[in-house]
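Following are the structures in question.
Two complexes come next, and they have one chain in common, subunit A, joined by subunit B in the first and subunit C in the second.
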Partner chain A sequence: MGSRAQTRRFYDAVAYVVLIAAFFFAVFPILWTLLTSLKSNADIVTTEIQYLPLRPSFENYATLWAQAGFTAMFFNSTVVTILTVLVCLSVGVTGAYSLSRYSFPARGQLLLFYLLIRMFPAVLLLLPIFIALRVLGLYDTHIGLALAYSTLLTPVSIWMLKGFFDTIPPELEDAARIDGCTRAGAIVRVVLPLARPGVAATAVLVAISAWNEFLFALMLTTSQGIRTWPVGLQLMVGEYQLPWGLLTAGGIISIVPIVLFFALVQRALVRGLTLGAVKG
Partner chain B sequence: MSNVDRVAAPARPLLAPPHWRIADLSESSRWAYYLLVPSLLLVAAVAVYPVASGVWLSFERYNLLRSPVPTFIGLGQYADLWTDSTFWTSVRNTAVWVTVGAASQFLLGLVTALALNRPGLRGVGALRIGLLLPWLMPSVVAGHMWSLLLDSRIGVVNDVLVRTGVLHTYVAWFAQAETAMGAVLVVDLWRSFPFFTLLLVAGLQGIPEELYEAAEVDGANAWYRFWRITLPLLTPVIVAAVILRVIGLVNAPDLMIILTHGGPGLATHVLSLLAFNDAYTGFDFGAAAAVGTVMLVLLMVFTSLYVRVSGVTRD
Partner chain C sequence: MHRRDFLKSSLVSGTGLLVAACAPQAVAPPGVSSSTSGAPTSSAPTAAAKPNGLSGTVTYWHTFTSQSEMDGLDRVTRAFNQKYPNVTVNSENVPNSDFMAKFSLAVQGGAKPETTMISSVRLPDMVAMGGLMDLTARVASWDQRQYLPDERFKDATLNGKIYGVPSFAFVNWMYYRADWFKEAGLAPPKTFDDFQNAAIKLTDPSKNRFGFGMRGAGGGEGLLIEVMRSFGSPIVDDKGQPAMDRQKAIDAVRWYSELFTKYHAVPPSVTNDSFQQIMTGFSTGQTAMLWHHTGSLIDVSTALGADSGKFGTLARPAGPVAHIADVSYSYNGMSDPKNADADWAWLDHWAQSDTQITFLEATGYFPSSTKVADDARIKNNPYYAPAIETLKFGGPAPAFAGSSNWGLTVVLPAFQRVLLGEIKPEESVDLMMKGLDKAVNG
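== the complex of A and B ==
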């Protein structure tokens, strides 16, 4: 029996080595970006690479923040993200609830359809959206960009929310109905409070996706007043000398909210993603 | 698969109440449909209509600069693509990008998922969060991080490889035809393997422990247990994850836009970038739509073949 314990220990060791190597691969680029953002440009562009910042400072962050347009970009991203979350959740909650609770003709096809939408090439969606937004006068506006984002994110949120609603026993609503609640009342008073972690996780997923989005933002915005930060950050890349200090500082600032929100809802988010994707 | 007993859509009450308030609407027999209307309207307006008109656009000459009024030209744009060598290079590059990308991300995802799922391993919580972080990174930031890491003058990867004697001189990873595609693939491996880790861990947790215990009693070794229990039961999750990832790889030109612009030459020029450039720099919406339609058809063919071959629908 000693050999079995030995094999077990061997595989445990292999698992740790794999995990630590993958962890290093995953985290090192982020760490390196953080370290670089704390160096002055003279310490970044050197003949001998400086591994740890010798004179760490928040100079890059201060310069970036003071730069015209940077706070505006963050404001734009925030507005578009909030609008997208509102649209996706309001149509997502109702749609997902119906798909979770009721059986009706074409229910299965409808679920599949929401999945297929993911297959549409972004460019194919982008062109008519571009044309339509111009016709409607919504091109280069916050709400126009948010509506475009909802294209891709509504189906995902419906799948995720449906997974959460499925885990809430319908008997609770029946009980509320017997106590005189309408169906709509039962959703608001019983289902939504119970599904709060799931709704929060969905909101965070939608928010992260909208906050990070690059391609649509590049195509559907032109003016400084609307431009979101991923586009702004990319446009900072000049032709020759890259402003590494500013780029890395901008990168770190922009991922801080993502990591914070993710940490808040981590468990429910992971569960929701797998509920939506694993169950067929 | 779910535990919910779905009720039939509510039956119509004998005397239909007047539908004034949402509370009253919710008592109607069509409540299940009313709830679906907002999402269907939105998706129809911003997904179905665009794709339909996008496909239609591919049959029209429509260039915002040169022919701003769409004119129908049938398959003209497809004929142009057929004779365009850039298009065929992009098709080949897309094949490499998708195949190597999906395979490498799946393998690293599988290995890490198996390790994370090993029972009795301590202290994995922190490692797991670290592993998931790249998946949250915006493509712009991921691109900048890696172009700094792999920079030809100040890149730390070059520094380490030269110090350890693997390389003699610094390499301009994104600027050489031989290494550019590989370098972008590494960036996407970094950003996307956690997606597989996440889904495969969930899939592994759904496999009943008793199966492994029974196999162990029968004397099956770890290798056998993996091939005969883990892999078959994981197949539906693998198929779903691979399809979603392939869609992502085909459709997103982000990393190419940020890192290489398809170069050097056409070394990293993929279909999604071709379509994007047609639209964004050339304002040639008709040509872009034709490339987009080709991508959509390729994805649909791939998905249906893959689902059939993997046999997930047989049960």
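== the complex of A and C ==
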């Protein structure tokens, strides 16, 4: 008996050690980024590693924020991310709903086709999107960039949301329609409230992807007034100079909006992630 | 809504979007200036246009990213605006690593910039895709031509046509810790023997101090090739055929590698040391000498203090057979001139000595014009003297189709294996020669 308890304790201890190690492995880069952002340049490039800032200051943050264009870039990223989330969710919800509820020819193939788009490297889609945006007059605009992101992210949204819609019994909508709801009314009043966790999870995924995207943001914008935050950070990396303090400050700033957004939708998101797992 | 209605409405809205997408619209494409000069003009011979006669905008793509580069560009642009008050320069910075992707996309999508920075290694590809305009006629009648000798156009000339104007140069030289040399009673090295001697004498592992910050990782292949040429081994001949001298190349690899393997005058991390590592090593007092080019002068000055007396600049030491230092030029060219005279004025502005010195002071990137050698701002600055000296004997690195790939995938790994003690210099040179033959002749 005692031996079994000891064995259990041993395995518990091993599990905790592994968990703590995994925690540090995951958190250390972020912690190091934060600490570096609080150091002066003299404390960053040293002969011996300086773990904690000797004279912690927010100078790097202030310098970065004061630089021409960075507030605009932050604003641009925010606008483009919001637009992308709106486009992906509006197209994703209607598309996923129709794929979940209706049976029509080539439905399976259509779903596979959405996946096919994701299988192409993004760089291959650049030229057609570039030409399309130019023709539409949307090159180098917020909405143009958001539409380009939506090309890649809408299929993911549809796949994710379809999974959530599939779990909602159609009988609930039927009941609503018997009570006088139209199909659209049933979607808004019955399906979407029930699918809220799924919608939140999809929104977070789309927002993170849009916020961090670099390639399209660089290729499909040309003026400083439209460029996004990741492009701004990348442009700070010179071939012969690397301002670690400013870069790490930029990295921390770029995390903040996503963390805030995650905090806002966290409850719905966690429910969404565990919805399938707890189904009996 | 019934299923059929739902699908029908989806079809209608989708078709509407498609029609909208395909409909011709009066949209100003990117890179198009709001110039007042009308349609594109040909490359007719012209000198720099009169300031008051020009107006409109000039778009310019470049790969400047760092603070000092952007500061330099800003100063250059402000000076241009003073000269041409009615011309606005719209600069777009593109990360160096993504430049060709963006440029190719712009060429294919019909949205080329009016003017662009051109790296010499990229020029053949940019010309091949129809991305650059022939400037031969303009250059021939240009008043700045006299200050730009023929060899400075070499990397921008293809099939006898000139596609770029040299804007600044990267002059390979070296930095040394003047204070350490003084303490040790050593004179700044002029030959490879002096250099080796100083590297050994200034090494003190107990102080974590090494004589030379050798670049044994990415970029180190170019330095090794310079050493091989200094020992008398060419890389390719005039016809672009392999021309390495095996014995001389072996002597070069042995001499260079022994700084680490025999004399331990190089940090033990050498095979992982690229630009950032060697620069950090020198800036933080771990190494006494550093081989790089003039572009890092601002960094070194900032780290060690411009007037501190801690560091100095030198021309590369002379090898046993030749005195070698690579000098490479960055060019500006026209891609899709909508406002050709204003575009040319921008290129001309970059070649002016005042502009080049302004840019040098901000970035350390050396002027391409010979006219600046007599300027007091250059002559009276002791840091620049070695660059002027290097321009007299230095020249472009040997280049052939696939040369950068050969350097990176054959020369560097073979040299790293020597540093790690896996193979001897003889074997590494055999690998390099075999790889060179394959790279040149397939």
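In this text, the second predicted complex is superposed on the first by the 238 of 280 C-alpha atoms of A that agree within 3 Å, B and C clash if a C-alpha of one lies under 4 Å from a C-alpha of the other, contacts with A are read in each partner's own complex, and residues count from 1 in each chain.
Throughout what follows, contacts are C-beta pairs under 8 Å (C-beta built on N, C-alpha and C of every residue); 3 or more make two chains touch, one makes a residue touch a chain.
In this text, all values refer to a predicted model and were calculated from it rather than measured experimentally.
When both complexes are superposed on subunit A, subunit B and subunit C clash.
For subunit A, the partner with contacts to more residues, out of subunit B and subunit C, is B. By the touch criterion defined above, A:110 lies against subunit B but remains apart from subunit C after alignment on the C-alpha atoms of chain A. By the touch criterion defined above, A:219 reaches both subunit B and subunit C.
Residue contacts after overlaying the shared chain place A:102 against subunit B and subunit C alike. By the touch criterion defined above, A:184 reaches both subunit B and subunit C.
With both structures placed on the common chain, the touch criterion links A:136 to subunit C but leaves subunit B unconnected. When the two complexes are overlaid on their common chain A, residue A:127 makes contact with subunit B and with subunit C alike. Once chain A of one complex is fitted onto chain A of the other, the partner contacts of A:25 are limited to subunit B, with no touch recorded for subunit C.
Of the two partner chains placed by the overlay, neither subunit B nor subunit C lies in contact with A:3. Working note: subunit B versus subunit C after chain A overlay, options 23-31, 185-193 or 221-229, clashing stretch identified as 23-31.
According to the touch criterion, the shared surface of subunit A, contacted by subunit B in one complex and subunit C in the other, consists of residues 45-46, 94, 98, 102, 104, 123, 126-127, 130-132, 182-184, 215, 218-219, 234, 237, 242.
The touching residues of subunit C, counted against subunit A in their complex, run 1-3, 6-7, 10, 20-22, 24-25, 27, 29-31, 63-69, 90, 92-96, 98, 101-102, 105, 108-111, 208, 275-276, 279-280, 283-286, 295-296, 299, 303.
The touching residues of subunit A, counted against subunit B in their complex, run 7, 11-12, 14-16, 18-20, 22-23, 25-27, 29-30, 32-33, 36, 44-46, 49, 51, 87, 90-92, 94-95, 97-104, 110, 114, 117-132, 147-148, 150-151, 154-155, 158, 166-167, 169-170, 182-185, 187, 208, 211-215, 218-219, 230, 233-234, 237, 242, 244, 247-248, 251, 254-255, 258-259, 262-263, 266, 270, 273-274, 277-280.
Within the complex, the subunit A residues that touch subunit C are 45-47, 94, 98, 102, 104, 123, 126-127, 130-132, 134-137, 139-140, 182-184, 215, 218-219, 222-224, 234-243.
Taken in their complex, subunit B has these residues touching subunit A: 1-10, 22-27, 31-33, 35-36, 38-43, 46-47, 49-51, 53-55, 57, 108, 111-112, 114-116, 118, 120-121, 124, 127, 129-134, 136-142, 144-149, 153-154, 156, 159, 190, 193-194, 198-199, 202-203, 206, 222, 236-237, 240-241, 244, 247, 250-254, 257-258, 272, 275-276, 279-280, 285, 288-289, 291-293, 295-296, 299-300, 303.
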